[in-house]
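Heads up, the next two complexes both have subunit A, just with different partners, subunit B and then subunit C.
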Partner chain A sequence: MAEKFINCRGLQCPGPIVRLFKEAKSCDGGDIMSIEATDLGFKKDIAAWCKKTKNELLSLEEEDGVIKAKIKKVDQA
Partner chain B sequence: MSSQKQKLLIIGGVAAGTKAAAKAWRENPYLEITVVTKDQHISYAGCGLPYYIGGVIREERELLVKKPEDFHVDMGIKVLNLHEALKILPDEKVVIVKDLVSGKNINMPYDKLLLATGAYPFVPPLEGRELGNIFTLRTVTDASALKNKLTGSNLRKAVIIGGGMIGLEIAENLTLLGIKATVIELALHVLPPFDRDVALHLEKHLREKGVEVLTGISVTGFTDNGLGEVGAVITSAGAIKADFAVLSVGVRPNVELARQCGINLGTTGAIAVNKKMETNIKDIYAAGDCAENINLITGKPVWYPMGSNANKTGRVAAINLVGDDAGEVLEGVLGTSVVKIFDLKLAKTGLSARDAIASGYEIETVLVPSPDRAHYYPGSRQIITKLIVERKNHRVLGAQVFGEGTVDKPIDILATAITLGASVEQVAKLDLAYAPPFSTAISSTSLAANVMINKMQGKFKGVNPIDLKERMDAGAVLVDIRVEEEYFVRAIPGSINIPLGELLSRVDELDRTKGIIFNCKVGLRSYNALLKLKRLGFANVSILEGGIAAYPFETE
Partner chain C sequence: MDSNKKTLVVFSGDLDKAMASLIIANGAAAMGNEVTMFFTFWGLNILRRPEKVSTRKTFLEALFGWMMPRGAGKLGLSKMNFGGMGASMMKIIMKQKNVSTVHELLESARDLGIRLIACTMSMDVMGLKAEELIDGLEYAGVATYLGAADEASVNLFI
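Now for the complex of A and B:
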C-alpha cells in the first residue's frame, strides 16, 4: 500500500482531472492518492470523480486557498 | 437658512434621517435640529438583522450604530425616540407629534422638514396571518422577537415566504442554526431583480446547502397547529409543514403622513422628489426608503429601498435643507446591489437583460467566466460576468457578477463605467490594477467586454444556457469539446463528446445541415472549435455561452 503525492497546483482545466486519471491508473487497490490543487473548480470535480469511479474520498478540505484531497484507490477487479 | 435659530425637523431616525441630521449640523452647527422617530432604536444596521438571527452578530447592541444621546452629546442634535409624527400642517409649518410614553401630543414647529419615514414590511392579507410564530424582520425589535423565540425552542422547520435578498439571508442564517429552511418565491426565480440565468445558480447553491427552494408558487394562507400557532403554509402547490414562518415579501414606502398633507406620490407609490430631494410642498424634503429615485439609465422613476441610497439621498437633502441655493443634486442611481448567500456572492448594477428589453432597448448579452485572480494564486476563485450592452451605440446598460470569488470590485468598476456612460470598448480598455493576488492580467471585467465586442462584431454566435434546451429540441447538436476525463466527470444531458484535439479528424461525424453548439468549461475552447469549423465552411455553428461553468441546470 503506497501513498502518492500529486501536485496539481497551478494547473487549470482540464489539468488536474486529467492528471488524476493518469495517476490513478498506475496505482494499485488500497493505495492512497494525496492531491493538492489551486483550481477551485477541482473541489466539485474530485467529489464527482470519486462517485463515478467508486474510489473512496477519504478527505477533502480547503486550506489557505488550496484544495487538498485524499483518495483511496478501490480495487475495481 | 439665514437665521441662526432656524429649526430643522426630521421625521425618521434610521439611515437617511440620521445621516441628514449629522450632515446638516456639520454644514451649519447653529441649526436647531430635532429627529423624531416612533421606534425605540435609531440609526441601526437594518441590513445586519439576518446575521443577528444566525448568531454571526451576537448581541443586539452591535447592530446599533448610534444611540439617541450620542447625537446630543456629539452634535447637539435632539433625538426624540418613541415619538410618532401624526400630522403635518404645511401652512402653519407645524408637525403634531405624539409622545408614545406619556401619550401627550406636542406641536413641533419647523422652518424646514425632512421626511425620512422609511418603509415597512409588506404583509399580504393572508388567511391565518394572526396565528402565532409568523414573523417579519424589519426592525431590531422584530429581530429580537424572532431570536428570543428560537432560543431553546424546538422550532425546527421554517418556511420563508419571499426569495429576495433578505429572505435568502434569513434562510442561510436559519440553516446555520440547524433549522430546515424552505423558501417560497412567487416569481419564477429567487432574487427577482437579477436575470434568470444568474439567479438559477443561487437556487442550485441553496439546494446544495440544504435549503429547499420553491419558485413560481403563491402563498394563500396558514393553518393552525391547534395551539393558535402556524402549523403549515398553504400554497398553490399544496401545504408545507412549518413550525414557524417568516414573511419577507418586500417592503412598501411609509407615505401616509406625506399623502395626508398633500405631498405628491410618484408612479412607484413612493414620495415624488426632484433631484434636490424636494417634494412639491415648499420647505418639505424627503429622503431614504420613503422617496423615489431616478434610474440613471432610463431617466424614469424607480424605487430602490436600500441603505446605500438612503445615505446618499439623506446627504443631498441635508445640503439643500441648510443652504437654499446649494443646488446639490443626485442625478440618479443604478440600483447597484450585492449579496452573499452561503459561499455564493452575487452583484448587480444597472438594468437586467429583462428590464432592458422591457424598457425598449435592443441589447446583446454575454456570460463570461474568469478566475477572480491569477489561477495559480491560492484562493483564486471563479466568477462569472454577465454584461448587457445596447446594440446601437455599444453603451453598457447593466451587469451582473456572481461566483465564490470577489464580485464587489468588478461590479463597482462596472457601476462606475455605466455612471460615466462608458461603451463596452471603453470598458475593455480600462487600465486596471494587476498582480497575481488581486486580479488576472486581463481583468474579468475587460475579458467580458472583449467577448462582448467579439460577439457584436459577429465573430461568434452564442447560445444562452436558458435557451439551450429549446435549441436542442429543435435539432441542434450539443458537442462537448473538452477532454474525455472532464466529460466523464460532468456533462450536460444530451451532449456528445468530441475532444477539441480530435475535432478535425472526426469532423465527418457532424451533420452540416444541423445546428452545432459547442460546449467546454468556460467558453474559450468552444470559440476555438467554432473558428476551426467556420474555416471548413460550417455555417450554423454557435457556442454555449460560459460553458458548463455558467450552465445553471442539472448535469450528469
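Now for the complex of A and C:
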C-alpha cells in the first residue's frame, strides 16, 4: 500500500480534480492519495469527486486556506 | 441513459463561454465521465489554428475567415469586450490567478480523451476547412451528436 502526495496548491478549478483523476489512474486499490489545494471550491468538490468515482474520502481539513484531503483508492469492480 | 456520459454543444465563440464549457467538460472527464463536445457555428473558431493556413476559398468564405477570430487566443468576451480590451484584461487577470487558458483547457480535454467534434455543416457554411482546425478532431454532423446526447445524462448548449 503506497501513499502518494499530490500538491495542487495554486491550481484553479478544475485543475485539482483533473490532476487527482490522472494520479489515481496509476494507483492501486488501497493506496492513499494525500492532496493539498488552495482552490476554495475544492472542499466541496473533493467530496463530490469521491462519491462519483467511488473512492473513499478518509479525511478533509482546512488550514490557513489550504484544503487537505486524504483519499483511499477503491478498486473498481 | 448512462449517467457516465455528458454532452455539450459549443455554439458560442466567446472567450468566457468557451472557458465555461471547457471547464465543465474537463471537470466531467475528471469525474470519470465520457464527454463529447460538439462545436458548431461560432464555436468552431475556438478550434482554429492560430496561424494562417492557405486554402482554396470563395471570396465570401475568405472574407468570413478573415472577420472571425483565428483560434482560442483571439476570442472576445460576450460582455464588456470593448473591441478586445475586455478580453485582454480578462486574460491578464486569469494569468494572475493561475486560471488555465482556453488553449490549455483544450489540450487537457484531448489528453483526457474528450471527444471533440467539429460540425461539418457549420464548417461548410462558414468556409472553414479541416486544415485550418487543430489536430485530434472528429468531423461529423447532427446525427453523431444526437447519438451521443441520447445516451448522456447531461446535455448543455453553450
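Annotations
Definition applied: the second predicted complex is superposed on the first by the 77 of 77 C-alpha atoms of A that agree within 3 Å, B and C clash if a C-alpha of one lies under 4 Å from a C-alpha of the other, contacts with A are read in each partner's own complex, and residues count from 1 in each chain.
Everything below uses one rule, namely that a residue touches a chain if its C-beta (ideal position, glycine included) is under 8 Å from a C-beta of that chain, and two chains touch if they have at least 3 such contacts.
Values in this document were obtained by computation on a predicted structure and should not be read as measured data.
When both complexes are overlaid on chain A, the residue A:Gly41 reaches subunit B alone and has no touch with subunit C.
Set against each other, subunit B and subunit C touch different numbers of residues in subunit A, with B touching more. Legend: residue contacts after superposition of the two complexes on their common chain; A:Phe5 is shown touching neither subunit B nor subunit C. With both structures placed on the common chain, the touch criterion links A:Cys13 to subunit B and to subunit C. In the superposed model, A:Trp49 makes contact with both subunit B and subunit C. Legend: residue contacts after superposition of the two complexes on their common chain; A:Phe21 is shown touching both subunit B and subunit C. Where the contact sets of subunit A with subunit B and with subunit C meet, they give residues 10, 12-14, 17-18, 20-21, 48-49, 52.
Taken together, the subunit B residues at the contact with subunit A in this complex read 375-382, 404, 482-483, 485-486, 488-490, 521-522, 549. Within the complex formed with subunit C, the residues of subunit A that make contact are 10-15, 17-18, 20-21, 48-49, 52-53. Interface residues of subunit C facing subunit A in the complex, by the touch rule stated above, are 23, 26-27, 29-32, 97-100, 108, 112. On subunit A, the positions that touch subunit B within their shared complex are 9-10, 12-14, 17-18, 20-21, 38-41, 44-45, 48-49, 52, 64-66.
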